Each structure stands twice: as C-alpha cells, then as structure tokens.
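Note that the chains take the letters A, B, C and D in the order they are written out, and that residue 1 is the start of every chain.
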Amino acid sequence: MINKQCPSVAEAVADIPDGATVMVGGFGASGSPVELLHALIDHGARDLTVINNNTGNGEVGLAALIGNGQVRKMICSFPRSSQSKVFPELYRAGRIELEVVPQGTLAERIRAAGAGIPAFYTPTAVGTVLAEGKESREFDGREYLMERWLKADFALIKCETADPLGNLTFNKTGRNFSPLMCMAATTTIVQATHLVARGNINPEHIVTPGIFVDRVVEVPDPVHEDILIAEGRRYA
Amino acid sequence: MINKQCPSVAEAVADIPDGATVMVGGFGASGSPVELLHALIDHGARDLTVINNNTGNGEVGLAALIGNGQVRKMICSFPRSSQSKVFPELYRAGRIELEVVPQGTLAERIRAAGAGIPAFYTPTAVGTVLAEGKESREFDGREYLMERWLKADFALIKCETADPLGNLTFNKTGRNFSPLMCMAATTTIVQATHLVARGNINPEHIVTPGIFVDRVVEVPDPVHEDILIAEGRRYA
Amino acid sequence: MSHGWTREQMAARAAHDIPDGAYVNLGIGIPELVTQFVPEGREFIYHTENGMLGMGPPPTEDERDLDLMNAGKKYVTELPGAVYFHHADSFSMIRGGHIDVCVLGTMQVAENGDIANWSTGAPDAIPAVGGAMDLVQGVEKIYVITQHTTKTGEPKLVGRCSYPLTGAGVVSRIFTDLAVVDVTPDGFQVVELAPGVDFDEVQQKTGAPIRPPA
Amino acid sequence: MSHGWTREQMAARAAHDIPDGAYVNLGIGIPELVTQFVPEGREFIYHTENGMLGMGPPPTEDERDLDLMNAGKKYVTELPGAVYFHHADSFSMIRGGHIDVCVLGTMQVAENGDIANWSTGAPDAIPAVGGAMDLVQGVEKIYVITQHTTKTGEPKLVGRCSYPLTGAGVVSRIFTDLAVVDVTPDGFQVVELAPGVDFDEVQQKTGAPIRPPA
C-alpha cells in the first residue's frame, strides 16, 4: 500500500541541500507552513532560492529563514508588509537578491511548470519596467510578454486534511499558491493539520491530487504567524 | 439578489445565432448536456462551429445536432466512437469540416482562452502531421509547438449541482472539459440536475465559481445518451 | 458650505457607477469603502485575488478564521455563495476578463489612461507589485478613487506619469474629491463636479488640460 | 510445448517492470490487462485522462454510475483514495511529467523509438488522435505491448514507421508475444526471449536489425 506519511517535519526536510530552489506556500500568514519552515531552519540548508508571494512576517517562519541567512534570493510579488522588517534590511544592505514578479504571472509560471508548458504569453506588465528584457509579441492587435515556467526542487506546503496518498484539501484562502506549487516542485513536502485514512476524503472535494505530493507529515494544531508575532515570538 | 436561473432550456439557448461557435461539455456520453443540445436542435441555429472532445453518440444529443445539418465544423480530439455514425458519414461526404486537436492541447487551449493567455508552448504533436503549419521553438534543448487560445460564443454544460449564482459541482468523470469551457465562452449556459439555494454548496467544494456562468436551468432526472441509444431512440 | 466630496462620498459616487451583479475587485484604502455604499437594489460580488469570491466584512473576534484573509492581509468573512480557489484560477478571472470592475487607489494617473500606483521608483524603494499589473491589464473597467492632489498640493492627474507605470492606457474613470473625470481619447473630461467645486478649481489642480462637463 | 507469450503473459511481463507506487496510464486493448497482473506487494494507481486517479475495475450493473467512464468510454469504478479533476489538470499530470508509466498498444514502433498508433493515414480514414500525442510526449516511460507482427505477418517493429507518427523517439520498451525489446541509442535490443522462442525467429520477424540478449 502506498503511504507517503513521514514521521516528522525534521525528517521531511532532511534532504534539502544547500543551493536548492524551494517554493513555500502561503499568502502572507495565511496557509504558511510554519513548522516546515522552522524545520528547515533547524536543518540549516543555505544558499537557497525561495519562491513565495511575500517575504515573511515578523521574525518567524519564512522571515526567520531569511533572517538566519539561509536565503540567497527571493522570487516574489510583494516583498513588503507592515510586519516584515527582516527582508527589507537585508535587501537594502545588498545581502539578498530579489526577483519581483507580478502576482498573476508568478502563479501562472508556477502552474506552467507543473503542467509541462515551458512558456506562455500574458498582457500583464506590458509597458512597465517589469517588461524590460522580456520578449514581447502581438496577438490579434494586442501586445503580450512571453513568460517562462518556474520550477523548484522542493515545495513546502500547509494543508488542512491529507490522506496517505497525498490527496489534499485546504482551508479557505489558505489555499492560494499551494496547489500550484505542489505541481511544480520535484519533491513536494506537506504538513497536514489532519491526516485521515485513505478513502476518507470525498473524491469530488480533493483539491490537490496525491500524484503531486511526495511526503505528508501530520502537524496537529499548527502555530500561526500572526499569533506568534502578537506574542512577540521569534524563531532562531 | 443575483439570480442566474433561467426557466427553461428553450429560453436558455434562444439567442444562439446562426454561425455561433459553441463549446459542448462532456466526454463521450459522460457529462453530455443532452437536454440543452436537444433544445438547440429545436431552436434551429445553423452553420455552427462546435467544440467537443468527440462528435456524439448514436443519433441523440450532439450526434443529432450534427445529423440535423446545423454544424458546419467540428473541433475535437476524437471524432470516432463505436456508436457514432452520423459524423463519419457527413465527413466522408465532405459536408462537415473537421479540426483535430490532441486532447490535452484542446483542453489547454480552452483553459488559455478563459485565463487570458493568447498562446502557449506544448511538446504535444511535435514531429507529427498535426504540427504542420505550426510555429515551433526550442526551450532548454527541447522542441515545442505554439498553440493559440480557443474561445467560444456559447458553452453548453451539464453539472450535478448549481446555485443561483452559478456555482457548480460535477459528478465524477462527468466533469471533464466542462469547467474549462465555462471559463472560455462569452455566454455559459448550464443545465443542473439539482438547483439549490445560495449558500447550500460548501465554498470549498465548488468546482466552477459562478463568475464563469451566465445561465442555469434546472433539469432534474436528465436523460443519458447511453440509455437513449440502448432504447433505440433518436432525436430529430 | 460643503466643498468637494469626503472619502465616503467618493466611494459612494464610484459605487453608483457599478452595475448590479458586477464582480468587483477593490484595492486597498478608499476603494475598500465601496462595500458600504452599494446602491439599493444592487448586489456586487467581491473578488479578492488571493483566492475568493463572495468576500464579506471583517469578522468579529469570535468569527475570525486565521486562514481567511483578503489581498491586503486583513481578516475577512465569507458570504453565502462564496467560493475558494487557487491563485492560478483567481488570476484567470482577472487576466481572462471575468472581473467587471476594479477600483484602485493611485499615486498618479495620466490623461492617456496610464496609471502609476506601485512604486515611487526611488533608489532605496523595495519594488512590490503584488497583483496590480495583472488587475489593470485584465479587468474590463479600471476605476480610480483618489484625492485630486497630493498632501503637498501636487496634481495626481497628470499629463504623463513620472513614477513607474503599473499599466499603460488602462484607466476608464477617476473619482476624486473634486470631480468625476473620464479618460477619453482626447484626454481628461469632467463628467460631474462635486458640490461647491467649480471647474476652474479642477483645471487649476489638474496637471494636464481637462475639459469641462458637457 | 509453449511458444511465446499470451496476451495475459505479455501484460504480466509489462506489469513486472512497473515499480511499486507508480502512477500508470493504460491504453485500450492488451494494456488494460495489466491491472490483473500487479505483482504481489506492489500498488499502481491508474490515471484515466478524462479526469480521474484511482480508477477501479468495471462495475456490476448495480454499481454503475453513468458519468463514471474511462478514456475508452467504458464504465469503471472508483477505488478508495480516488480523485476527480478536469481535463486541464488531467493533462497537466501527463504533459508535466507526473505520470510514471504509460502502456500503449501500437500499429508500428521504430528502432529510433518513434511510435505510430493513431492513424493509418489512409485517404478515407477519419483522423482521431485523442490523448495519444500528449501521452507519448509527457509520460516519462512509454511502454508498448503489441503482437510482434500483424495478423498478416508484417513486422510491427520496424526501421522507420510508414504510418503517421504519434510521437518521435519516445518509446522505452516493447513487450511482444516473442520478446521484451528495449529501444536503445543503437536500435532494438532484446532484453528477454519468451519461452520456446529463439533469437533467430525474433530477428526474422523484426523489420530492422535487432541485437540478441546480452
């Protein structure tokens, strides 16, 4: 019987090497796989390229990973937030690279990687500085930019419910980029708030089919960045 | 209060003009919107371009629409089946046009139309006769073909459950192309086996968000092509 | 005597121009006030680009779900008929032209419909674009709500944007504290003046030629 | 005395080469028999391109759901852990390299890995490609199960396909009634001979040079 369950977050991330490209699910604090991120801090892989919509909050989760000097480059759409200090400081000091991608283009590039589409055209960012250096082309009288797929070696994902085949459901807007990242990474590692037996998720309700998932770790009662920040916590 | 409910299949299809491009959901008999197709036969619009994976079964539903001479051109991946006689006869007689598109490319072209992606690259059909006349391009040492989006004026869709906002769920492999076609048509017309009140479908379980749907008609106890064919029925 | 529109009145005036049944995406700031001024008999469905249609008002402490946020990372609620989806589907709604109206704030908007609302272009600014460039290219009608001038009195309606563009030629209509202004092929056109505001004041505070109401 | 493999034995031999936990797509015909010969201790998950993972065997009359079909339009069942999805997601699994093995029937397969299994190219043939071209480009390992020759004794393993290609250079391994044959950079290579079959017979019935087992 196929069983993708992994006993701990530490074991789940243990083979992420230095230099890896890692997608991290979540939009701000919503859907952020905090326990997996903290396990990656403990594991210590460095020189990472991280793909996420943002750059983390406070000094926990993704922000803590960045603050710990493990991230060489961020690829994201919005590297600011009212509670993010870690990234801006490193960025202004020239100690971390940044590739800014419009949010919809970021999502579509990740999906394209999962779908075997090496490139596509989008109207987004035409006529802006983010179009510089990009191929443009006209279709039916309108200008579009060519964008390439965006793949990763690993994805770190938080879901609501998983089964041992890696079938997943998410909670509300905690879904965001996660189903796309599951498709686009060579190895997809998921922390599930609930792990249920095979057959216990309605096949019509599964959002991410298990074929896109490699490892599942149950993390009941996960912490939430907003709560950690409100409590003044930091991870290091 | 927004209410996309339409009182009858006849009224739902009444404004489909001659010459329209019409997407029809379903894969073989599974998920085929038979009542909407029969309403379109009664309505009588001609010179249609129809997009479906197949060309209908027996002499009901899509096959009956084709048999009635209303279809100028079919765009599909597999215009044969053991029970399809109508299309092959017309095709061999030179009375209907055919564009054959690989199944995954057909799905992706339809999704691209709904997603505002005018063109994308795919490895499918490279080195085959279906690549003739298509632009090809190399990415990372592999050859790909450029494919364009595929839009329609109308989509005829069968779903399992709908609410008045047009939020939809489907039944098993009756889902197939339908969610994509809902996105890609200017006007999406849905027959729902069950119409429920707003709020009665779990927001996590909705497959097609109502934003992609224009009209919903309740058709309880819909007929199924395989049953009609087994009973020796034809529609004309 | 009243002079010009308040933030709430600007939002109400914008809401007045949104048709019943519209799918609407609201930017952060004054645009968020639109939800409070939906005209009687109309219903708008709110899209938030992080994966939801049918977004409702902020939750009470008890209602709050830590995973349920809007694009501005504020906690929100779901209304009956709401639906969740992933980011690629969400931006398919935007890029594919399915959202009817987007109401944005701005730093500058130009007489040719260019908008600049994501970056000052300052050397130490951290570029953060979010979904703004997708929205302005994908949504059919781009409405802007903005004060007519900056806090220091500089025009925000200009001949050409000096800040980096979010999109070129995309804005339809602008709702300011002084007027409703259309972007036309011939430049700015006042559609309506706010109470107590005369056209000369609008022209004087606009950084490009503007035509009086017809 | 036994000579060669039956259809069932060909399917069993192919199943033997599929690893535990594989996601597998099966073509119509002999490939469908693979499900009956999963080796002890292994589990395969079956993908059907019309939108399902976890496909089970044909239903009884009572179990039958008229919407639940496989890609060959036959009624099937769902196994625990099954999942449904739309066609774009289904072909993302294929095109994106997520399906581990696809087992196909064929009309011809060439020494360079070309496969022709969708059309004879006859002038009156109705071209019907289905998902075949997507599968051969997207799936990591393309296995073919086929009789070594046609009913009239023509080789199906050939130097170059004379029928229109489904895909170029895509086939990894071929399971025939006479042998297991790999497609290598140097052409056909026999991996294993069926019981009672000698290499000379295989060479004689193959339309291109073929190398004996090592």
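What we mean here is this: contacts are C-beta pairs under 8 Å (C-beta built on N, C-alpha and C of every residue); 3 or more make two chains touch, one makes a residue touch a chain.
Just so it is clear, the model here is predicted, and its values are computed rather than measured.
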item: Farthest-lying chain, centroid of Cα atoms versus that of subunit D; value: C
item: Chain centre separation in whole Å, for subunit C relative to subunit A (CA means); value: 29
item: For subunit B paired with subunit C, centre-to-centre distance based on mean C-alpha positions, whole Å; value: 36
item: Length of the line joining the C-alpha centres of subunit C and subunit D, rounded to whole Å; value: 55
item: Set of subunit C residues in contact with two or more other chains; value: 78, 84-85, 88, 91, 94-95, 138
item: For subunit A, residues contacting two or more additional chains; value: 108, 111, 115-117, 122-123, 170-172, 203-204, 207
item: Chain contact graph, described as a line, ring, star, complete graph or other shape; value: other
item: Which pairs of chains touch, using the document's own definition; value: A-B, A-C, A-D, B-C, B-D
item: Subunit B to subunit C touching residues, read off their complex; value: 1-2, 111, 113-117, 163-165, 167, 183, 198-199, 203-204, 206, 209-212
item: List of subunit C residues in touch with subunit B within their complex; value: 20-21, 23, 43, 45, 47, 53-54, 78, 80-85, 88-89, 91-99, 138
item: Complex interface listing, subunit C residues touching subunit A; value: 48-52, 65-70, 73, 78, 84-88, 90-91, 94-95, 114, 124, 126-134, 137-138, 164-169
item: Of all residues in subunit B, those that touch subunit D in their complex; value: 27-31, 77-81, 87-88, 91-92, 98, 100-108, 110-111, 122-130, 170-180, 207, 224, 226-227
item: List of subunit B residues in touch with subunit A within their complex; value: 108, 112, 115-123, 139-140, 142, 144, 148, 169-172, 202-205, 207
